[in-house]
Amino acid sequence: VNETIVGLDADTQRTLELIGLFVFALSGALLAVRKSYDVVGMAVLAFTTACGGGIVRDVILGDTPPIAFRDLAYLLIPLAATIAVFVGHRAISTHLLGIGAVFDAAGLGLFCVTGTVKALEFGVRPAPAVTLGVITAAGGGVLRDVLAQESPAMFRADSVLFSIPAAVGAALVALAWKGDWYSGFVGGGAALGVFLLRVSAIQFDWHAPRPRP
Amino acid sequence: VNETIVGLDADTQRTLELIGLFVFALSGALLAVRKSYDVVGMAVLAFTTACGGGIVRDVILGDTPPIAFRDLAYLLIPLAATIAVFVGHRAISTHLLGIGAVFDAAGLGLFCVTGTVKALEFGVRPAPAVTLGVITAAGGGVLRDVLAQESPAMFRADSVLFSIPAAVGAALVALAWKGDWYSGFVGGGAALGVFLLRVSAIQFDWHAPRPRP
Amino acid sequence: VNETIVGLDADTQRTLELIGLFVFALSGALLAVRKSYDVVGMAVLAFTTACGGGIVRDVILGDTPPIAFRDLAYLLIPLAATIAVFVGHRAISTHLLGIGAVFDAAGLGLFCVTGTVKALEFGVRPAPAVTLGVITAAGGGVLRDVLAQESPAMFRADSVLFSIPAAVGAALVALAWKGDWYSGFVGGGAALGVFLLRVSAIQFDWHAPRPRP
């Protein structure tokens, strides 16, 4: 069988990626609702949250136009999320903390692994490839918060771990790549580890350390 | 005659573009005055508002350095706008709502058409080309607001239609391009349509829909 | 002897650049502490402040991946600054105004010259090369402030001259390059001039002009 870089068949990986994009886009559109933006603000924040991290990664790698401007799904899914939130934002807000957070964590795991591998394939060295993996997974959320005049969630001391699980998973991928023992099994394990770390962080309220005031 | 992509002769299009850049730059420099910035803040906001959208488009297309760093007019016009606002911001503020809004709408129409066509020429598919057309015309204003710590005007529910007219015009261009019936007449018509929609939106206070709270 | 573009030997220039990066990174990490961010926010702001200007320059020039993703020092130095600030931010805050401001000014001088020369070497014309030189030296600080929801320091009327000295030095470099009389002596003199202008601006409280309210 032809397995992907995270050890899944291509259709399964694609499905997971699209779900991840959709959940990221939902969080952008919901923030726009909380800020009382109109439908334009919703669509821009949905697209930025879902695709911003990958766009920054591709621009930095020089892989232009970025995948978000070549693959129509990257445009249509944020539009679908915008419509869903426009119609049913109250229902979505209520339920997002549950099932949404699970898919959000899955997206985090998947995108940090695929982003790191893409950077390594482009010849970037392991340490900056880890940075690009984290940017892929977490950059869209930072851009969303900056556009919406919010303090970036992942910087705040009261936020539960988000980018540190991604950095751990990306580091494992880079280490395996450099040591020549990377496989779909390793990639899938790294994505799964990121997912479990993130879900545990939410469950047990884990925070990144902060300096003493 | 050699007509341009919007059906004008090259000199007329160039003149309109430079006026559009100047009016965009004025809005950046005027915001800097309202924020009590110094002349550096004025110049940065003027340049960002006028050129930011096109820079983002060119970086995404991989057409580097972007046109704003090759054509001196893209640097000199924001400087001229900065000087004009520095000397006469009271007079300009008072009169901008009238004649300025007209040229601003003309810039919106022109830049969304030229941005969309450029993206299509670079092989981008119709839907993302529309996105890049809107980014060309509206992206500078978003960057201006983010740099100046303002909620982006085009996201706010109380703002009159701005990016939706641009999206409509860009979609018409992309449709014509894909259907192989694009001509200067179509491009010029799309730009004119965007202009009229925008001016009508200001006149009749049209807003984008927003979700029920 | 092989002298660099600022008339120093390669090791001396490298040392000065790394010190400049470290001091820029310190200012990012210290801002994160003032904003009560966690260690993730500190690391992101340290990296952005130190490397953001050069990343924007390289993306605009099409020199991808940017140097910050090829040279490991650009990643490790912000991490070192993050650890230093995490452990000793009180001591560093107290002493930064003195010795830190001197190295910050040295970084400003060095990076605006190297950034301008790099742009000229990539075939950019003198005026936009000056812009790119200033972006190299000052862009990281603007990105830091935008990410941290602060009004960009260099826009504010109460800030002492920062980007104007950089623009003067970059203009001298571009003039010499165009006139074919550029040498390491000129580059070093420009960097030194920027340094002295900046230090004088701090010492004598020089501000950029602002329009009458």
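The first chain written gets the first letter, and so on, giving A, B and C; residue counts start at 1 in each chain.
Going forward, a contact is a pair of C-beta atoms (placed from the backbone, for glycine too) under 8 Å apart; a residue touches a chain by one contact, two chains touch by 3 or more.
What you are looking at is a predicted structure, and each value in this text was computed from that prediction instead of being measured.
*Asks:* Please compute the angle of the rotation superposing subunit A on subunit B (C-alpha atoms), rounded to a multiple of 5 degrees.
*Replies:* 120
*Asks:* Residue numbers at the subunit B-subunit C interface: does the shared fraction exceed half, giving same, or fall under half, giving different?
*Replies:* different
*Asks:* What whole-number Å value describes the gap between the mean CA coordinates of subunit B and subunit C?
*Replies:* Centres of subunit B and subunit C (C-alpha means) sit 31 Å apart.
*Asks:* Multi-chain contacts only, two chains or more: what residues does subunit C have there?
*Replies:* 59, 62, 146, 149
*Asks:* Write out the stretch or stretches of subunit A touching subunit B in their complex.
*Replies:* Its residues touching subunit B are 32-33, 35-42, 44-45, 47, 55, 59, 62, 64-66, 68-70, 72, 75-76, 85-87, 89, 146-149.
*Asks:* Mind pulling up the subunit C residues that touch subunit B in the complex?
*Replies:* It comes out as residues 59-62, 122, 124-125, 127-128, 131-132, 142, 146, 149-152, 154-157, 159, 162-164, 207-211, 213.
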